[in-house]
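Heads up, the next two complexes both have chain A, just with different partners, chain B and then chain C.
Moving on, here comes the complex of A and B:
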C-alpha cells in the first residue's frame, strides 16, 4: 500500500466573510491613463491606485492564498498579526500585504519558501500561549487558528516553558451576551477596532503591553453596543463567544442556508445555522448594498421566537369553550361558514408578510369569502406606514420592526385606520413580528400565520373563530422589499416539522371547499 | 420420476451395536477419570469462576473520573461525531464555578451522556477519539439486561467506580 492512500486533503480555509472589492479594468480609450499593474505569483493584475496588496488579492479572489488574523475587509487596517506577510521583490524584508500599498510593476510572491517559513514562525509564536482547549472551545471547526495552523503551522513547538494564564479568570462575561476567554486571544485587536470605528462606542481596549496585553471593557458595565454578536463572528479564535450559542452545538454539525433577517425593515442577509431543522443561530453574510458584514443583536436572537415551544404550529378551533387542535379542513370549513354568515369582513395583512402572500391575500381571499371585504395592512411596531420608518443608529437598526412594509404598501393597500379593527369579523395575517391591532370587546377574529400561545391567550378566546398556523420566514419562500427599496428573494432555510402550512397551500384548500 | 434407494446393508457387528456403545463409554470414562481424579476441565463453573479475557477486550463503556469524582468528559462531542452507529447522545452546558475546585477549571460539562448499547457495535472509536481519556470500554462482558431501558447507559451508570478497566 503506497503512502498516497492516506494523503490528507488540505481543507480550504473557509473565511466567514467576503470582500466587496471587484476586479477593475483600464479604460479602453488609448488616451486615458492605464491602471497600474502588479504581479502576484506570476500573474499580472490591474488595480486601483491606493489599493494595498491584500486588496488587490481580494479583487481577484486570490486572497485565500494570504492568511490573516487582524485584517478584516470591513474594518480599518492595523497590521499587527504579521501573518499576511508576502515577499516583494527588491524589498529588503517581508512586507505585510494588508498595509503595504501596491505599486506599479511590483512583483509579489505569496507562497515562496521565505514566506512559508515566516508564516510557520508566526504560527509557532501564536501557539506558544494558546491553550489548545479545542475540545471545550466553541470556535473549533470554524477557527482560523486551527485552519491556518493545519496549513502553515509547525507540527511541534519548541516552547517548553509554562504557558501564560491570565490570573483573574479564565472566562469572564463582557456583557450578558458575550463571554471572553483571554487565554485564547491572539491579540489581533479586530474587536477593539470594531468598537472604535464601526459602532463608535469605544467599549473595548487592550491594557498592558507585550506578554501581559489583555482585553478589557472600558466601563464596568462591559459592552454596551448593539452589535456584540459581530465581535464573536470575526474573532479568529474562541476568545469571544456568543452566550446564546455557547456549548449548544459543535459547528461542524450545523447545516448552513442563506436567508433574510425579518426583525426590522433593513433585511440583513443572514445564514441560518441549523441541525435537524432546529435553528441554533443566525450569522450575517456579506452584502455591501444592505448590511455590509454586520448584523444587530436583536436580529441575531430573533430566531428564538420561531423556535419557541409556545409558537402555535397546529391549526386550532373553538370546541366546547376550549381551543382544540384540529385538521386544517375542519378549521377552514368552520371559518368559511362563519364568514359567510356575517355582514362585514376585513382582512388585515401584517407588514411582515412576504410580497407574494400580500398579493395572494389581497387578490384571492376576498373572492373566496364572496362579499365586499376591505383589505388593509397593519404594522403596530411604532410605525404606521413606511414613511414613518427611520434609522435608529448610524449602522443598521431601523425603527420598523417588520421586514416588508414597503413591499406590502406596494400592493396598493392602505394602513388600517387608527390601527383599529372595525368589521364584525377580522382575518389577521401576520408572520410573528407585527403587533396586534386594537379591537372591540366582542371582535370576532380569525388568526392566520405565526402566533404564539401567549398572544392568543391575551385575546378573549370566545371571539377566536379559528387559528391557521402559517410558516415563518426561515421556513417559506418569498421576497421582501427593505427600507432602502431593495427586493430580496429567499428560499426555505429549514423544513417546518409542525403542522403549519404556507399561505398558498391554505388558499388552495379553501378554494376546494367552496 | 425415479427413486434412489440409499438404505444401507449393515454388518452383523454393526447390527449388534454393543461395540459402538463400548467405544462411546471409553471416551466418557476417560473424561470422567480426568475430571474426577486429576481435576482437568474444559469448562468453567461460570458465575463463580470467570474467564480472563485480553486486556484489549472492549466491553461495557465507562467514563473515567478525577479524584473529586468529577467526570473527565468535557462534552467535546468528538465521540458523538465519530460514532459509526450513532449511539452516543450528549447535551452540553457550562459547569458551575464551584463544582470542580481542583486543578484547572473545567469549563464545559455533559448534562446528559447517553449511550444506546443496543446500537453500539463496540468498535472503540469513541475511546480513540476522546481527547481527555474520558470514555473507555471496560473488560466487562456481562451486558445482558432484562429490559430494553437498562441498555441505555446514562451518565450515572457510566461514572460508576472502576478498578482500572475492570468493574469494582
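Moving on, here comes the complex of A and C:
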C-alpha cells in the first residue's frame, strides 16, 4: 500500500463503531451505466448495486440512524431483532432494512406510522424481561436499549408478569476479562456471530430455545479468543461487561479522544476514554484500512502501563549515590557535561518512537553532543527489523510489539548491531514498548522517554547518568507508520500531568545550554 | 353412516386396513407399485413437472403452494462461482409437529413406498440425484419403517444406481430431527439438516437458490410426495377432477378431539367442516360443538355456527382461518376455551426458536397472561392488551411462527370473549381453590 497519510478522527455516529461508508457518486465516465436510485423518506439517492437499505441510509446519514440490535457493520447479517424494519411500498410486510437489498425505483419510508408502531412493539417486548438496573449497569449512558427506548419505546408497559431471571445471572464470568449478566441480554447474538465468523474460535453459543435461550461458553474454560474486549464494545446492553472497566466510571463522565494503540505494529485506531486525564479504557474506532472495527485485548489493556504509578514521570539524576528527582535543566546540564567528557557516544532510538522524534534525535542531537555519534535503532520485542514482522493470527495481532518500526527505519537508520551497546555512553530513547539492549557491566547510560521504575532498578544504578522523562503516545502528537505502510497522525488524547516533556521541548532546552 | 370411501376414491388410504400394506411386496402386487416410476423414467423431467402442474396438486404441509410451480422454480443448471455444476437436492419434510396433525405419520407407517416412489419421481423431475427425508425425532417407529422401505426399494432396483435400467441415479437419506416444532419450517429444517441450530433462515435467498448445504433444494411434504404416483398412473386430469378448481386431489384430514371416531380420513376438498366432523362420527354423543380448529393448532378457531365452511384453501381463508395441515380439532361444550388456548400457548412458548424479539418475548408474555387470567388475576384491560400484543407479533418476524401463536390467541379473544370475562369476574377457573386451575402445575421449563 502506498504512503497514505490520514488523520485519526472520531466518527460521527456516537457509538463505539460506525459505518465507514461514503456516498457514492456517479461515475464521471458518461458511457457508464447510471447508478440505480432508491427513494428514502421522500428523497432520492444513488446506491451501489448490492447495497442494503440500511447501507444506503448509512452512506447518506438519513436521520440519525436506523435503529438496530443484531446488525453490526462488521459482521454477517442475522435479521432477527426486527428493530430496523422499514416500510417498502408494494411490499406486503415491513422489511428489515439490514437484510433487504435496495432496488432501483424502490420507495422506502423509515419513519412511517406503521414502522414506528412496530419499533415501539419491539422495544416493549425487549423491555418486558429487561431488569432495568441502569443505575448499577456499566453500559448506562452508552446503551442502545436506553437510546432506542428514549426514541421509540412505549411510555409505560403493561407487562404484569414476573420477569425472567437466569441462574447466577449477575456473577457469571465468561473469562477473567469478561462478565456476563444474562438477565440484561436482548438476544441479538452479535457476540455469537463474532466468535463464529470474525475470530473463528466458536467460543460462545446460545443454549436452550425461545424465551429460555441463554448465552454460554462452549468450553468450561470460557472465552479463549484475544478479542474479548470487542464483545463488550458491541454488546448493545450491559450483558457483557469488561471486568477492567466494571464499576470504575459512569460513561458520561468520560472524555473521548481519538489516538492510536502503540502495543504492536498494526496501529489500531482507538478512542481514549479518560476523566481528569486519567485513562479508564481504550475502545477501537472504525478504520477499514487498519483495524476494521476491532482491537485486541493486549492493546486494550496497554493503557495500564502508561497509567502505572511506577512509570517515571520526573527527570532524575544521580546525587550522593542515589537517584533524585531534579529539574530538567539540572539533568541536561549534568548529562551534557558528562557526554562531552567521553570518547564515544551512541544514540539508540526505540522503534516505538514517532517518526518526528526519530528524525529529531537523528538530525539534531548528535550536533548538540558535538562528537562523532553513532545513531541506530533497536526493537527488542522479538523482531530486529520490520522485515521480521509477521501476523500472529488471522485478524490484527502482529509479532512486532512496537508501533513504528517502519517509520524509524525509513529515517535511514540501521538496527543496533547484535542488539548490543558498544560505546562508552549510550543514550536510550524509547516510548515504553521496546526492550532494553544488551550491555557490558560498566555501560554508562542516559535514559530518555517512557521508563518504569522497575526497568530502571534492573540496571546498575551507578552507571545511569540521568533519566529524562518523556511523553507516551496518548499524551503527545506525531505519526506512526504501521506494518502495512500506512502513516497515521495523532494528537494528544490526554494532557500529561507529571513532569515529562516532549522530545522537542527537551532538545530545545538542551540547545539553549550549549 | 357414510364412510370416507362414499365421498371420494381413496387414492392414498385404500389399503389402510390390510396388515402388510407397508411392504414392497404388497405395494407392487396390489397398488400399482412403482409403475408410475417406470412411466416417469420414460418421460422428460419437464413433462413430469407439467403433469404435476396440470394436476393442481398443492402443497399439503400447510401453506398450500402449487407443487408443480415449486418444482419449476428449481434452477435448470446451477453453477458455483467457479463454473462447476452444483448438485440439487429434494428434501422431504416429515417433521410433522403441528398439534392435532397426524396424517404424515399414517402415510409413513402404512404407505412408505408411495412416498418413496413419489420422491424418486420428484427427484427425476428436478434432475436431482439425492433426497433427504427429515423425520421428526419422536417418530422412532416411522423412521424404522421408512428405512426398511428404502432398503427394500434399493434391493429391488427402484433406488440407487441406474434405476430400472435407465441412467438415472437416485439416493434417499433419512435424517432424524431432535423433535423441535420449528424444524417443520422449511429453512429451519434445512439448518437442522446441516447440523446447525434449528432456526429459520432469512429469505431471500429461497431454498430453490440456496437450500440444503448451500445447494438449490426443494422441500415438500410427505402427503404431497405420496400423491405423485397416482397423478402419473391415472393422469393429471383425473387427479384434478377429484378436487376443486384450484386444488386437485383428495386431502387427508386428521380429526381429533371430542368426536366419536377420531382418526385420519381421506376426503375431497368440496366438503364442509361439518361434514368432515360427521364422517368422523360426529361430536361425542350427548354433547355439542363449542369450537373447531380446522387445520392444526396454529389456525384461528371457528365457532360452532361457523363450521358450514368449505374445507378448501380459499374458502377457509375467506372465513378468517386456514386450511393448514389438515388437523381438525373439535372441542365440545365441556372445554374452557381459555384453558385450551393456554395449553397451546404453553406449547408455543416452549417451541419458539427465540431468534426474533417479538416471537421470543411475545409468546411467553401471552402464555403468562392467559395463565394469570385462569388463576383469577386478570382484568378487562388484559383482553385489549392480548389483541395489541398479537398485532405487534403477527407478520413481523422471519418465519410464520409468530402468526401461528397469534392464531388461537387472537381468535379465542374475539370469538369467546365472554369466557374470558367470566373468568375475570369469577376470579379464575377454580375460585374456590384460590384461583389455581387444573394446569397450574408448572412444567420444569416454565
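Rule of thumb we're sticking to: the second predicted complex is superposed on the first by the 489 of 514 C-alpha atoms of A that agree within 3 Å, B and C clash if a C-alpha of one lies under 4 Å from a C-alpha of the other, contacts with A are read in each partner's own complex, and residues count from 1 in each chain.
Going forward, contacts are C-beta pairs under 8 Å (C-beta built on N, C-alpha and C of every residue); 3 or more make two chains touch, one makes a residue touch a chain.
Keep in mind it's a predicted model, so treat the numbers as computed, not measured.
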| request: Answer with first, second, both or neither: which of chain B and chain C does A:135 touch in the superposed model? | output: first
| message | After the superposition on A, what does A:60 contact: first (chain B), second (chain C), both or neither? | response | neither
| Who touches more of chain A, chain B or chain C? | C
| query | Is A:211 contacted by the first partner chain B, the second partner chain C, both or neither? | reply | second
| For A:171, is the partner it touches chain B (first), chain C (second), both, or none of the two (neither)? | first
| field | First (chain B), second (chain C), both or neither touched by A:85 | value | second
| Which chain A residues come up in both lists, the one for chain B and the one for chain C? | none
| said: Applying the document's contact rule, which stretches of chain A touch chain C when the two form their complex? | reply: 69, 77-83, 85, 93-94, 96, 99, 117-118, 121-122, 124-126, 128-129, 158-162, 164, 186-187, 206, 208-213
| In the complex of these two chains, what residues of chain C are touching chain A? | 180, 182, 197, 202, 349-365, 368-369, 372, 377, 381, 385, 392-393, 395-398, 445
| message | Looking at the complex, which residues from chain A come into contact with chain B? | response | 133-136, 140, 170-171, 246-248, 250, 252-253
| remark: Within the complex, chain A is touched by chain B residues 74-78, 81, 92-94, 104-108, 131-132
